[in-house]
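First up is the structure itself, then whatever we jot down about it.
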Amino acid sequence: MFAISLGDDGAELRPLEPWQAEEFLAHMDRGREFIGQYITLADVVTDLESSRAYLQSYADKAAAETGRIYGIWTGGRLVGGVLFRTMDVEHGVAEAGCWLEPSAAGKGLVTRAARVIIGWAIEERGLHRIEWLASTENEASIAVARRLGMRKDGVLRERYPYRGRRHDTEVWSLLAPEWRAGGRSDLRSP
Amino acid sequence: MFAISLGDDGAELRPLEPWQAEEFLAHMDRGREFIGQYITLADVVTDLESSRAYLQSYADKAAAETGRIYGIWTGGRLVGGVLFRTMDVEHGVAEAGCWLEPSAAGKGLVTRAARVIIGWAIEERGLHRIEWLASTENEASIAVARRLGMRKDGVLRERYPYRGRRHDTEVWSLLAPEWRAGGRSDLRSP
Amino acid sequence: MFAISLGDDGAELRPLEPWQAEEFLAHMDRGREFIGQYITLADVVTDLESSRAYLQSYADKAAAETGRIYGIWTGGRLVGGVLFRTMDVEHGVAEAGCWLEPSAAGKGLVTRAARVIIGWAIEERGLHRIEWLASTENEASIAVARRLGMRKDGVLRERYPYRGRRHDTEVWSLLAPEWRAGGRSDLRSP
Amino acid sequence: MFAISLGDDGAELRPLEPWQAEEFLAHMDRGREFIGQYITLADVVTDLESSRAYLQSYADKAAAETGRIYGIWTGGRLVGGVLFRTMDVEHGVAEAGCWLEPSAAGKGLVTRAARVIIGWAIEERGLHRIEWLASTENEASIAVARRLGMRKDGVLRERYPYRGRRHDTEVWSLLAPEWRAGGRSDLRSP
Amino acid sequence: MFAISLGDDGAELRPLEPWQAEEFLAHMDRGREFIGQYITLADVVTDLESSRAYLQSYADKAAAETGRIYGIWTGGRLVGGVLFRTMDVEHGVAEAGCWLEPSAAGKGLVTRAARVIIGWAIEERGLHRIEWLASTENEASIAVARRLGMRKDGVLRERYPYRGRRHDTEVWSLLAPEWRAGGRSDLRSP
Amino acid sequence: MFAISLGDDGAELRPLEPWQAEEFLAHMDRGREFIGQYITLADVVTDLESSRAYLQSYADKAAAETGRIYGIWTGGRLVGGVLFRTMDVEHGVAEAGCWLEPSAAGKGLVTRAARVIIGWAIEERGLHRIEWLASTENEASIAVARRLGMRKDGVLRERYPYRGRRHDTEVWSLLAPEWRAGGRSDLRSP
């Protein structure tokens, strides 16, 4: 029932919950190859049961305040999402991330959605540091981090085994003062 | 970050979560006497710990799909809320309820908020029967049930022990076809 | 090892526990069609595993004081039972129920058994209100409620989806003073 | 509500459950010094909370089929009990035990009660070996083992630390064929 | 990484943990017939899943301080082990045991390993009584108990159902003062 | 009972378990000020209960294969330790760390101990990447990382709130091929 407009093109950010497992799976089926290039999500969500299990894991994280997941809809179709893979309220740190099916790429949807949840995390929840991890080869994800005003903290060498090869993982971050200086907090539900 | 406008007076419906325990307690402190006339909420939420425990119990219900709670804000102040005390998606039944601090009474806030969550439950989640339980003496709550288009199913005699006396409990209900016939589904986030 | 005589015909009420799963299943196999007319029990207990799981759920309820189940034996054969599907000792409310295989119907066994457990609940455990829920079409069950001296509180419209159709559910109740006025408390183990 | 007569003197064996914690504590207060000579029960049950916790531990054992506890009442007063401290249905072994407040000693109550539960364990549950452990100094307990037809298997040296000293523990046992040969199975609820 | 030399023949005692499930299974496959003569271990560990489950059960016991398991390696091959099947630190009692594949029998490996863990239990952990249980027919195991300086406390008649027959179980024990008098505490990691 | 020599000075690495809570607390009391300069351990372990809880958390991690802790003893006194704060066997990554009371500093104890556990993790458990996190101000810890042959992956800006200030956290890492090239695997129990 809740929704936040992401702009004039009708895109919306909404909660993404276990009862939407079927819709989430259909979306993943459309985007599996594209999404699966650099992240495991496509390998994890492969049928209704695994789709429900994945969303339930985030419902449990939400209840425990250790993570959140949100979907992006355009024209009534779920096309991607943003999430806090981890949230450590006590220490003021969260790791944000995103995914998108190919039909929705290139419109800045993820950047807009990420701004909404980062704004909430920093301004309403008081978080200090938002992290963004991506394979050094995942240029699209790194471009989002850059557009969000993040800075690169370093490269975790060979940290991420994926499809038979170990990837280097870039760590980007945005600190609360940097967020505020960028005046990024103007997005809210109208 | 999510919010749904409840009308032109600026009232909003938003998620109500454990991290808002302090705000919830302050609200309960303002409305304790009024709210506590017929329902236990005022006796249950008495300090920060019990406020957090109460909201956590609903965060857990949300994760398990067995209940939900939402707050009503006017002018940036939390003044009441609506909830599904129970939700049984498998059998298509949920029990809705509400509370309000006195300063916010008489404006139809609860009725408007209840319509939003009932619409979501029936139209998005496929529930068939929304119940509403209230002490026979709680005229305000019964008036809401009536305004929601509910019908009285009966009176559970002496079912509810509260502050040293057993109250009769009225059961009201709204069925999905009745909801749809009433054209109540026009409320959504703008 | 415990047993309470239900009358001169040799019928007995006894605890019904997980280790009796095989006997319970054989009984359910004999009565499945008859029992399954209005209640889910016949659909829930279909093999040894589900029989054990059902009885274990009541063993767990007994340990937590949230429910109880008892069997009725005649001539050494398990033919039915009575139960507290829910027990809320703190609020003084319990929901009683029953089932029977067809060979044992028409002898008042369930009424006698229900009197024993209701007497225990009211007199030994201090419960105030015993509820009895039945489909409006389940005349046999409603007849028992009537014989127990219960009164009808109302009809929960379309509350119970069963075998593809939603049934109206009648709520009957018996209050402690009514029970005591009826002098029903004379049944105990001899 | 269940009860088994232990003879013409009105003594009865009944389930002993958490809701009887107050009654159990009063009994323990009367018998503490006597009961506490050789067994820890008197040191474990010292107030309402510990009384409830002790009985709850046996309610949990009952639900898991790993133990049972029963009380002995004479003239409406709880004066002692018998129990299966452990029950291993899979391997056919259980350890029985007893306790008594001094006013009820010398009447054979415990022996009679133990026969009832041992008969149930062997004949209804199929157990093969009933054990009885007692400090070598606990002559009353050893006398019960002897009266039950048990034989001494050995002495576990310094096995049981109690009140600052390590006691030798005698192990007695009764096997199913011995029980049956003794014709002990004639006791049931009348 | 930890290891204790058991003598000049290169035998070593090491922790045995869930990640070694494959090695443990291979060892059990070599010794299944021999080991399975008197103890259930050979019937319990039959594939990788059950091997991992068995070792995990001891990892959990170790974390809860209720048991321990250690392997014996000779020439880099796992050939047997010793364990505390139960450990009750509060009461100062533990039950020790052992197993061996046939190629490693007759070298005193188990006796040497048992001395190491008994020494640790008595001297570092303060245990008072180490028990050793074995079928009366398991002469090898009883010989170890004797070599460890244990004394026979008795025979638990027909206590242990194994492969269709009930075995008598001998109970042997060693008390802390007996251990110390025997001067057995000279073994440690070099 | 297990111990690994760390060199000719008698220093030893041993398991560190909940039953050693008292010894661990005494050590922490001696080193609290020194240890607490940059890491929370000194603030977490302040009495016997918290000491036991801390060690228990690592006993649980060990059982779940998600972490390990080891103590360093010199002359029979616990003076520090090394640990895997996290271990992700599936992805081949672990975060190592250390602490030391001041009397034991400057002798290379931590470096030697870390080599032992890193060797075990890489060679016996197959881990690929060992991480080391430290405040940029914690020169001693960074020196250890350097001595272990690690390389700096980056600096996580303001990641670690400690005693009222947010510290930058350096991430160092050692990959399995680097470890092997360095010939570090020659340390084992003699």
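Every chain is named by a letter (A, B, C, D, E and F) in the order it is written, and numbering of its residues begins at 1.
The rule is simple: contacts are C-beta pairs under 8 Å (C-beta built on N, C-alpha and C of every residue); 3 or more make two chains touch, one makes a residue touch a chain.
Bear in mind that the values here come from a model prediction, so they are computed numbers and not experimental data.
Asks: Just to be sure I understand: going only through chains that touch, what's the smallest number of steps from subunit A to subunit C?
Replies: Between subunit A and subunit C, the shortest chain-hopping route counts 2.
Asks: In contact with subunit A and with subunit B at once: which chains are those? Just list them.
Replies: none
Asks: Using only Cα atoms to place each chain's centre, name the chain farthest from subunit D.
Replies: A
Asks: Quick check: how many Å separate the C-alpha centres of subunit B and subunit F?
Replies: Centre-to-centre distance between subunit B and subunit F: 52 Å.
Asks: With centres defined as the mean C-alpha position, give me the subunit D-subunit E separation in Å.
Replies: That pair's centroid distance is 33 Å.
Asks: Identify all positions of subunit A at which a residue touches two or more other chains, and write them in rising order.
Replies: In subunit A, no residue touches at least two other chains, as defined above.
Asks: Ring order, please: subunit C first, subunit D next, then the rest.
Replies: If we begin at subunit C and move next to subunit D, the sequence is C, D, E, F, A, B.
Asks: Would you pull the subunit E residues touching subunit F in the complex into a rising list?
Replies: Against subunit F, the touching part of subunit E is residues 1-4, 15, 18-19, 56, 59-60, 62-63, 65, 89, 116-117, 119-120, 124-125, 188-190.
Asks: Can you name the residues of subunit D that touch subunit E in the complex?
Replies: 91-93, 128-129, 131, 151-161, 166, 171, 173, 175
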